[in-house]
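These notes open a run of structures that come right after.
The following pair of complexes shares a single chain, subunit A, combined with subunit B in the former and subunit C in the latter.
Up next, the complex of A and B:
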């Protein structure tokens, strides 16, 4: 059977992404002085799992690097090496290289071989340094199978770690009887048992007897070594376990299949076993002749029946194989041990021993995957269809309004039920797309750590509200702008430790990332307690660039200048930030998501940059307004108030158009009719129309519309994909009556103000509306 | 009656590969993502063969084997360790815990199938 391994690649890529993310976040959080063993295990497991998968699915580069990484982590995990900050750095560097390799396998550009060699060398050097320490921790030498199998036995002994037992004394007395190697020292943490390899002339039962003085039979288990069959990569242990609790039904099978009643005692406890032997003549195996009979039989039958284990094998083709391949004597315990020791050790099995195990299992039973991975396209399609359904539904509602409520009672109540269902369906589908912002935030501990060390600053990063959910589409688009803001804060905002102390601040700068819901939108804030923006420097820079600025600008207008293209106040350009590209791009990105960005800053106290995003791109709260015969939608997040101005509040300034006085503040009036080139634009008289005051990019303006129609949720349709990009319009929606309404892009309108729109726009408005 | 196999591994891709391979060969396969899940599945059902990874969060493979060996129905069931570690130490630990044998990762699906056939037919 040939299996196409590539079908598993996607799952492997996804899980490797997760492992790498886990590795990074744990590494960043780990306390070097007192690392948590669970953390160390988690990092190790991540590397280990990647290695296993990579090797299985044929990604040699990943497997090779994770192998070295795993070696290092294994030593750290087992305590034979101390975790150092160099190790954390090297591990983080490996994580980056691994991410690159993964991306390359997904089709991105190949990773620079130099960086791979570099990180491999770095890791190897770290492993090398501590290797001598590692040797002490775990003796791996296993006693070779003794040449004289008759007089010497190799036993594998497992002892539960019990606090009341003096293991030092116990092990010492054992080692006096033969050759003993501790494969794994016991520990009460993680209930790790002691594992020993013991070679001596003693039989397993004799060892069991002597152990039983110190440890209750339920707490140890002895496995007799009959060698192993190793076929390179696969092997079977040819051993017989004299374990605590043999399967209850297993001995029955033994009986039925082979009639070796002798092993019945297996399921009973020691006293029963003894009595069975004594009273019912089961002593037959005690004397040597009997034992040799057993051995003969074993020979003949290849050892069946003795051990419950083979019960299954005995009745299946495997049994035959055992013969053929010699490998299946494996369960046939007794090859070297005389029969009677079975009952002895069977002692071990108080049924109660399994009790705690099952209790534990019950507690943790639901550890089954309860999520599925779905391609985002499918969710988008679903959301789109639900959007259509909502539109159809509102059409039905509208048409039904003219119907007689009594005659059509059942139809109308059906429609209202459908309206409710559609709304719930819509919410449910939208919630599928909601993802915690932690997906974006999680990268920042690393970014901050790397940058802080590069800049020689001390920074404490605090993240608040990582579980705030927002649309999956935003998550991806937020990463770049937020990274830029964080880099800016670190580079320009937070001062060097010396400068901070000179100002009487703590040497450690604080950077806070905060996300929270506010009304119908999501707010994300990047706050630093650094130097704050410098008003004079920004104004000077603006003049230098030939921007028309005056000293009377308000602070927020001055801060707004840094969003202008090509604006950078950094005294010198560093490789961290300050190339003068960025803030304008950040602003464009945020606005592209239907959001806005604001700055609040105070000299020497710090800066807060707030981003406000709608909950989702797909559905939006808006206010529909009428202009002539057409309907436009203003996103509600921009709307401050609506008013009908009095004639005395209106002023006309030559070259600046009309202004309206709103409680002492003069705001520019933008007539949407003339902005979009409506034929009847000229007639607009503000005193007979409505002004909607909106705020965008820190400035307010009054939009002149003919009427307010209503406020509701709109399903946003992308105009760009369905038609083409139109300036001043961010999308379209379908109204309940089937008409198309255009959604205004307030920030663009605020920028253009009165400027007449390009001819193309008039054309579009005609086409679409 | 198809033989029932329980595969315990925290790696989704390995689970998928094992399951696909064994199902294609007519086995009935149940998956668990870690030792605790594996133990719960084993208790809720009867399996003819158990394949387990070693390194898993929560309960690891060795502890799963120890726990299974204490359960009456699994005193004798073949339990194979699927592990990237094939050191003598790991083998000793596995043997002492009651494993039937080991299969080193990476393995190819055909090898897995050969081994499974040898153990349960």
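Up next, the complex of A and C:
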């Protein structure tokens, strides 16, 4: 029976997305001068996993490209090639192409084959630079490799005696490469290994490479003789190693004490990696008595044992890979100087290597939380049900209040327990939707890097508070506005390095993304230390567009102008800005999420654009007010205060527009009853009603309502799911008694203020027509 | 469902099942597959600036559902809301809408040969939403294309931009 692979495709897509994201973030963070071996491994692992997955699921194009990428990364990782900025660029480019391919498999437009070929060529060219690429081809070819062929090295080689290996041929081929003496012939009876002294121009790793063709890397060990430079400890170790007797504790002890000192003289890049890894193997290695058994046991401990037998049987390069992954740290202290031991294998075997890869991933990243993927619809459904539960619960609470507390003690205590549980359940379900903002922030290192190089600017990006959690719904919607703001800062805000230096600033511009909790909302700030907004230019531009502005506008009013449609302060349109998304769209998007956006700017000092969003879309703190028989909810974030006005504080303008004097400030009064056309509820006399002072879009107004009912949390429901958008209403909620209350959209009401009754009529007529 | 019907009647696939409701003296039929449930009438929350036949919205197990009074829409009978008033909850275009009618009488199966073309009244009666007339003996059931009716611009149930 064939298995339908397509059912697993989604998992592969998701995982690959993650791998690509990891790859990108590590690539961006990597220090070219001194790359961290764990970083390099992480990039390699990501590419490797993608390749494995792609091959398994039959995405040949993905597998092909990642294979080339992997080859390059493998060399870098092993230290046989230095990481260059060119490589990072090529890797990032291939990441983009891979993302494109992945999208194509998901149903998006196909990737331009030209770009694929381009990136493949670029990678292949980089791989081709490495002299080691050809080295594996034939043992004899190694002699021709130019690397460090100047001096000759003396190596001690220990080979396990295996029945299937033709040792005569092996020794012969070795002696063809240099001077070789057999110190001790191997025999299978006492599992005595072969011990050879080998002197040639070859490095230990090159010898290992050629040996790996005949014998699995797990079954030979190469020790470098450092001659005079050696500090005695090595000699001790070496001699005991030469005895080849299993059970000799000496090497272990030596290593325990000063084994690391031995590594120091080795100057290869891989030494760093080796010593890092050596740490892990060390502790394990020490208590085990027998050298050879230790190897076996350690194999098992690290999952390597799985591969060792395969390797022994097949002698394929795959074994080399596996050996490379985990065996490194283990073997290094055991027998030899670490780096040269590396068998170089250009062709990586995915299956064999994948096991140690994942093992390592688990070990190095235990902090990664256990998670499952859940369709967001299911979470929404859960949220809905819990919301229902909360409502039912409050209904019960309401009706239980009339009961005799003594007679119904058990019922009442049950209800109060349920109340508590329901609230906790609600919070727990709500938290499922919460996602760290890092999901949005993570794209910015790349955006900033690409943009900075395109614009010829130097930018240092700092991100603070990436772990701040906010609703998943926001995460997706935030990406575009934030990207726009970041682009804006880079393009218009931060000056060119020369201009910055001329102003006495550091040539490197600083861009900070910051997220933090503030009260009941999340604040996200994009701060640059650039030129700041130019007040004169904005005002001039506004006049040019025929907007009524005066020089007396406050700074914040002037900054607000850039949110007007089609308003751009850029002196020239670059290919970065002017992509059709303006600040007006940004503002609209943010407001659509129930948030608001503010600008703070100072000439030559920088600009901060801050976005404030409610914690979640699904729950809101609100104040319920009564208007006639209807109940409306005002989002608490808009409410400043509520008051009952005195007759002397009420003023009118041309007999109609009503104003209220609140501590010297005259605020317009908006009667919600007339705004919503409830003729029966319109209360003419504000002194008998309540005024709720709200602030929206930088202006304050007084909403006239009949009564205040209370403050509580409301589960926000979308009115547009089954109905249409209603002007002045942002959504609906369900009250404790099961009835629906509408949530006011204060910013719309503030914009429209008092709506003349004919407008309401016109809308109905317009709909019919 | 369809297979069952075919089995019972041995007729073509065109057998349709309709929910019949009454508005005043008239009987109307809508495709039963569009019906989610039938409920009593409960208090609605008014929506500002909505046409009169949109009574408001109710809470249907957590979703906010608009309620349309067909009696007001068609101008039939004086709307009375009592314990016998029926609300048919419909599922159309992935939306949920409640429809207030006088009562639900029964469910009928209608074969193709029992279906008559919609009558022509000129401009006196709007017949765009009438799919046809079903005849069962003496009964005549007006078959309404409820999807077309509910999504029409004059119902103001959906935003104009939504429908495009």
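Going forward, the second predicted complex is superposed on the first by the 495 of 769 C-alpha atoms of A that agree within 3 Å, B and C clash if a C-alpha of one lies under 4 Å from a C-alpha of the other, contacts with A are read in each partner's own complex, and residues count from 1 in each chain.
Following the convention adopted for this analysis, a residue touches a chain if its C-beta (ideal position, glycine included) is under 8 Å from a C-beta of that chain, and two chains touch if they have at least 3 such contacts.
Note that the coordinates shown come from a computational prediction; the quantities given were computed from them, not determined experimentally.
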item	value
Which of subunit B and subunit C A:561 touches, first, second, both or neither	neither
Which of subunit B and subunit C A:11 touches, first, second, both or neither	first
Contacts of A:659 with subunit B and subunit C, given as first, second, both or neither	neither
Subunit B versus subunit C as contact partner of A:42, first or second or both or neither	first
Broader residue contact with subunit A after superposition on the shared chain, subunit B or subunit C	B
First, second, both or neither for A:387, with subunit B first and subunit C second	second
Which of subunit B and subunit C A:157 touches, first, second, both or neither	first
Touched partner set for A:740, first subunit B, second subunit C, both or neither	second
Contacting residues of subunit C [partner subunit A, same complex]	43-51, 56-59, 61-66, 95-97, 153-154, 156-159, 162
Subunit A partner contacts - residues on subunit B that touch it in the complex	10-14, 16-17, 20-21, 24-25, 32-34, 36-37, 39-40, 43-44, 48, 53, 55-58, 63, 66-67, 69-78, 84, 86-89, 91-107, 109-111, 113, 115, 118-121
Complex contacts: residues of subunit A adjacent to subunit B	1-3, 5, 7-9, 11-12, 14-15, 41-42, 44-45, 48-49, 51-53, 55-57, 63, 138, 140-142, 156-158, 183-184, 191, 193, 195-197, 221, 223, 225, 228-229, 233-237, 239, 241, 243-250, 253, 307-313, 316-318, 321, 325, 327, 330-331, 351, 353-354, 357-358, 360-362, 364-369
Footprint of subunit C on subunit A - complex, ascending	384-385, 387-388, 391, 630, 675-678, 717-729, 732, 734, 738-742, 760, 763-764, 767-768
